[in-house]
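Here chain A shows up in two complexes: once beside chain B, once beside chain C.
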Partner chain A sequence: MKNSLEIKDLNISLVGNKNPLVQNLSFDVRKGKILGIVGESGSGKTLTCKAIIKLLNEKVFKVSGSIKLDGNNILTMSEKQSRAVIGKDISMIMQNPMTAFNPMMKIGQHIVETIKAHTELTKKQAYALGSSALEEMNLQRVAEIMNSYPHTLSGGMLQRVMIAIALMLEPSIIIADEATTALDVKNQAIILEQFQRMRDIGIGLLVVTHDFGVIAQVADDVLVMKAGEIIEQGSVYQIFYNPKTEYTKELLQSRFLVDEEQLCLV
Partner chain B sequence: MLGYIRNRLFSLIIVLIGVTMLSFIFSNISSVDPAEALARRSMLSPTPKQIEEIRKEMGLNLPIYQQYLNWLWGALRGELGISLLTRNPVAADLAEKLPATFLIVGLASLWIIIITVPLSILSALKKGSFFDHTLRMITIFGISIPNFWLGFILLVAFAIMLPFFKVVDYGNFKSLILPSFTIAIPMAASSIRLLRATILANMNKDFVIYAKARGISNSRIIWQHILKNSLPPMITVFCQYLGYMIAGSAIVETVFSWPGIGSHLVNAIIGRDLPTINGCVLVIAVLFVFFNLLADLVNSMINPKMLNEKGEF
Partner chain C sequence: MLSVKNLAKQYTCRDKKGRKTIVKAVDDVSFILEEKKSYSLVGESGSGKSTLARLLLYIEKPTSGQIKIDQLDLAKMSTRELRNKRADIQMVMQDGQSSLDPSLKIYDSIAEPLRNFLKISKKEEKRRVEALISKVELPLAVLDRLPHQLSGGQQKRVTIARAISINPKFIVFDEAVSGLDVTVRKKILDLLLRLRDESGSSYLFITHDIDVAMYMARNILIMKDGKIVEQLENISSLTEFKHDYSKVLIRSLPPRTPGHRQVKI
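This part shows the complex of A and B:
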């Protein structure tokens, strides 16, 4: 299987501070596979995601190494080049759907501006493309949603809208940082189903979570991060049935202790 | 929404009654007797009897609440009495003076917008830069500087030392520039601080990060996302400023000998022209309260959260 997103020796530190926040990270996200990243709070998961889509402020963070999408290094691209890739070839699903949308703009405007930023489509064509993307997400009354302000929709609906936006430009990679954390169990299940659908259509997914239940359900491979480093990686079976480090065992155990019932359902 | 407007109108009426009552009471506390003042102005040496007649004619012999009710009844019918100084109906004088005030306040508003928007965006984008620091100093200076002093400085600088403008001038565009700038500068200074802070707060919002993650261009993020969300509080404040500028026009208009409602009020106070004082206070209070109401209405209109699903109120 072709490697789609290759990350090599990724280091992130604060400008003017030698201590790395993320250290020597190397991993691949393959097309048609879901890579899960787990790790305790502050282990650098979000920083890694933000580095991939160039969201880290250059004045604050020093990023080195290489992040290659289909062979092209995002880190060395000009701003214009990377902006053409980000949001099109790599898209992001944010953690908190309730705050991710501009409260002064309708859903349709968000969708149209995203399409227009990456394609030559007219407004009308963009609107049609966005509507069909929403329909694919099993959303009802699409025209109404397009014409709604974000605050009138529920968190679960907004998360599905966000997935529709992520999918509509046919990306090769989707990054989801704690994309299910803010949702209830029912909506969580809907989103996880969508993740599997994305995998089936050949998209590579990077799913960041602190929830082993999510990993168990959807991930093919798992990275375990601690203090900015990968301390263990392998297939989901290896990590669950044969964890090598104490840290992973502890993470698994705390998960079992807290959510035993939920895991049984999994 | 309609209920909201009704509530606001109701409180507006209470405010107006309160303000005019205070204006009535304060002008009666003063030691100068307006009947005597008027008598002395129209006659060389008025006898106590003549003063008493004038007092009666003006209704000043009635108890103060009676005077107030009479005045209120007149005001409701648009009659604000006769000015003691000009001998014209107060309402006619006000109608003549108001346009001059609107003119400088209107132009001042234009300056405020022209100055505030670009400078705030620039200093927020270049936060911590030399430009940002310099602008901060200037705005602090602009906020704390007293209006009359600023007016004098501008007059001395641009009408006396560098005679670009005339010291006393009225009736052409050039004559508007110094007074409108004097009014605009403190307002612009404080709105720059506010808009810059709002923009900075919005720059780190989730929706801006998400817009970047969708590959939206920087200029669109600034205008469509950050600025669009920073303007509602600005518009509210701006409408309030309109009220402040009209209420505060007295000082600047006096400095520039500008024949608007502000200097009219000052002249009336000096000349103990009670009907004019009360009329001016009423008009200024009405305008002040009106612009505050407008601020609320505009804000709720541009904030989608106040709209229902149909996009109506």
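This part shows the complex of A and C:
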């Protein structure tokens, strides 16, 4: 099928080790839809995301299966081809914002270089585009942020910078790995609105999260992962109202800690 | 046990043209945290929570103000006194991976505080490290690995294991469970509650998750723009929040099910 990211029989293991870390994953990220992934910590969600953007070191990981974007298999492309496709068509928001940035490079420089690598914009235009992308993420004092090093920003500010970078070039697929873990609920709601806006202009999103509130708010379809495998998949309504596996039921039961009635939430 | 008076931390930052602005990351904050009580700190991203935590641990020095632990002024302590105090106070940093030494095996990261503060045999050390890693729901096999070989949530749990290793009197948890799946999260939170009741330690729990905040403590501080805008003791329901910002937070809570989805206005 065209117009989507199709993953088929994806297997990931360590080189020289038979035990798979990720096993027989098959799923599609359709454009104009949000696919949520929930699951056990350590079940292979991040490895799967990294495999899609070819970020797994070949000396360490063995990846097999196919990952097709608009029909072209990323795994069998030449290095040069895949780099062009991935930078422009797929962007990823990393789980760990601090290690995703070059500590020696100012945010503004990072943003301008990213934009210039994929567009014909001038430096000045790139700077303006980057600044407005940051503003859309509800960041204050944007001029100072552009001139800051990553370690001087708070965890949630850095997450929003990374989200801005992933969204600003409007790729066809966005992968968000725990993108709102460090955000207060107000900023999270702003980011989720941005995700929905991206979906509405036809972008496909893969949203990995432990937060069922995020899934409830934005996902169209959901995958549940455990121990390297997809154990359940379905529409968001099916997963919430009619879960099939014990593990999904267990997750749904543990998602609230405090009795809702006690909290007097309406 | 811990009292903070007029605490402030300012950073200077500059834009491209070199114009200076002062960021008041922590702005004239005063509060008292009592012994054997736990507190949750919730607040806007960038409001100064992690900075406040670093000041309490004395990893960074305040611009002004005072921090007293057991009546002793941190600023007046000698290096040696501070070192001894460090055994009483531990912190789980927001950023799991960068708070672990990338070249140290997980075993050594967890053993480090044991070696620094307790005199125990190698055998006892091994026993304790293994007990700690199981307590945070991880297999013993991770002990031989390096931090980058673990998932985000696994790294977080290692930093929790390390912080509880020497039974400190006071632990600051900065977004400690935010990368964990909900079942593991509940197990870890219950473990922490149990440890707290057994050893009588106190916690400051920084979290963006109001549900987690309420589960860990009913004494809640709300922070915005460097200030504590609301402090509530012993609350039983979210309706007790009075400050406008606190109410914004409660209104922004995500829906419980897709059926409760907020349609954008």
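Simple rule for what comes next: the second predicted complex is superposed on the first by the 213 of 266 C-alpha atoms of A that agree within 3 Å, B and C clash if a C-alpha of one lies under 4 Å from a C-alpha of the other, contacts with A are read in each partner's own complex, and residues count from 1 in each chain.
In the analysis below, a contact is a pair of C-beta atoms (placed from the backbone, for glycine too) under 8 Å apart; a residue touches a chain by one contact, two chains touch by 3 or more.
Computed from a predicted structure; not experimentally measured.
Participant: If we overlay the two complexes on their shared chain A, which of chain B and chain C does A:G108 touch? Say first, second, both or neither.
Facilitator: Only chain C; A:G108 stays clear of chain B.
Participant: Please indicate which partner A:E40 is in contact with in the superposed arrangement: first for chain B, second for chain C, both, or neither.
Facilitator: second
Participant: Compare chain B and chain C by how many residues of chain A each one touches, and report the one with more.
Facilitator: Between chain B and chain C, C touches the greater number of residues in chain A.
Participant: Residue overlap on chain A between the chain B contact set and the chain C contact set?
Facilitator: Dual-contact residues (chain A): 96, 99, 147-148, 152.
Participant: Tell me, which parts of chain A touch chain B in their complex?
Facilitator: 53, 55, 83-88, 91-92, 94, 96, 99-105, 110, 113-114, 117-118, 147-149, 151-152, 165
Participant: Can you list the chain A residues touching chain C in their complex?
Facilitator: Those residues of chain A that touch chain C are 38-42, 45-46, 95-99, 108, 140-141, 143-144, 146-148, 152-157, 159-160, 178, 181-189, 192-193, 196, 210-217, 219, 236-237, 240-241, 250-251, 254-258, 260, 262-265.
Participant: Which residues, counting only chain C, touch chain A once they are in their complex?
Facilitator: 11, 13-16, 21, 23, 42-46, 49-51, 94-98, 150-154, 157, 175, 178-186, 189, 208, 210-212, 214-215, 236-239, 248-250, 252-262, 264
Participant: Tell me, which parts of chain B touch chain A in their complex?
Facilitator: Touch residues, chain B against chain A: 205-207, 209-217, 220, 224-225, 228-229, 302-305, 307, 309, 311.
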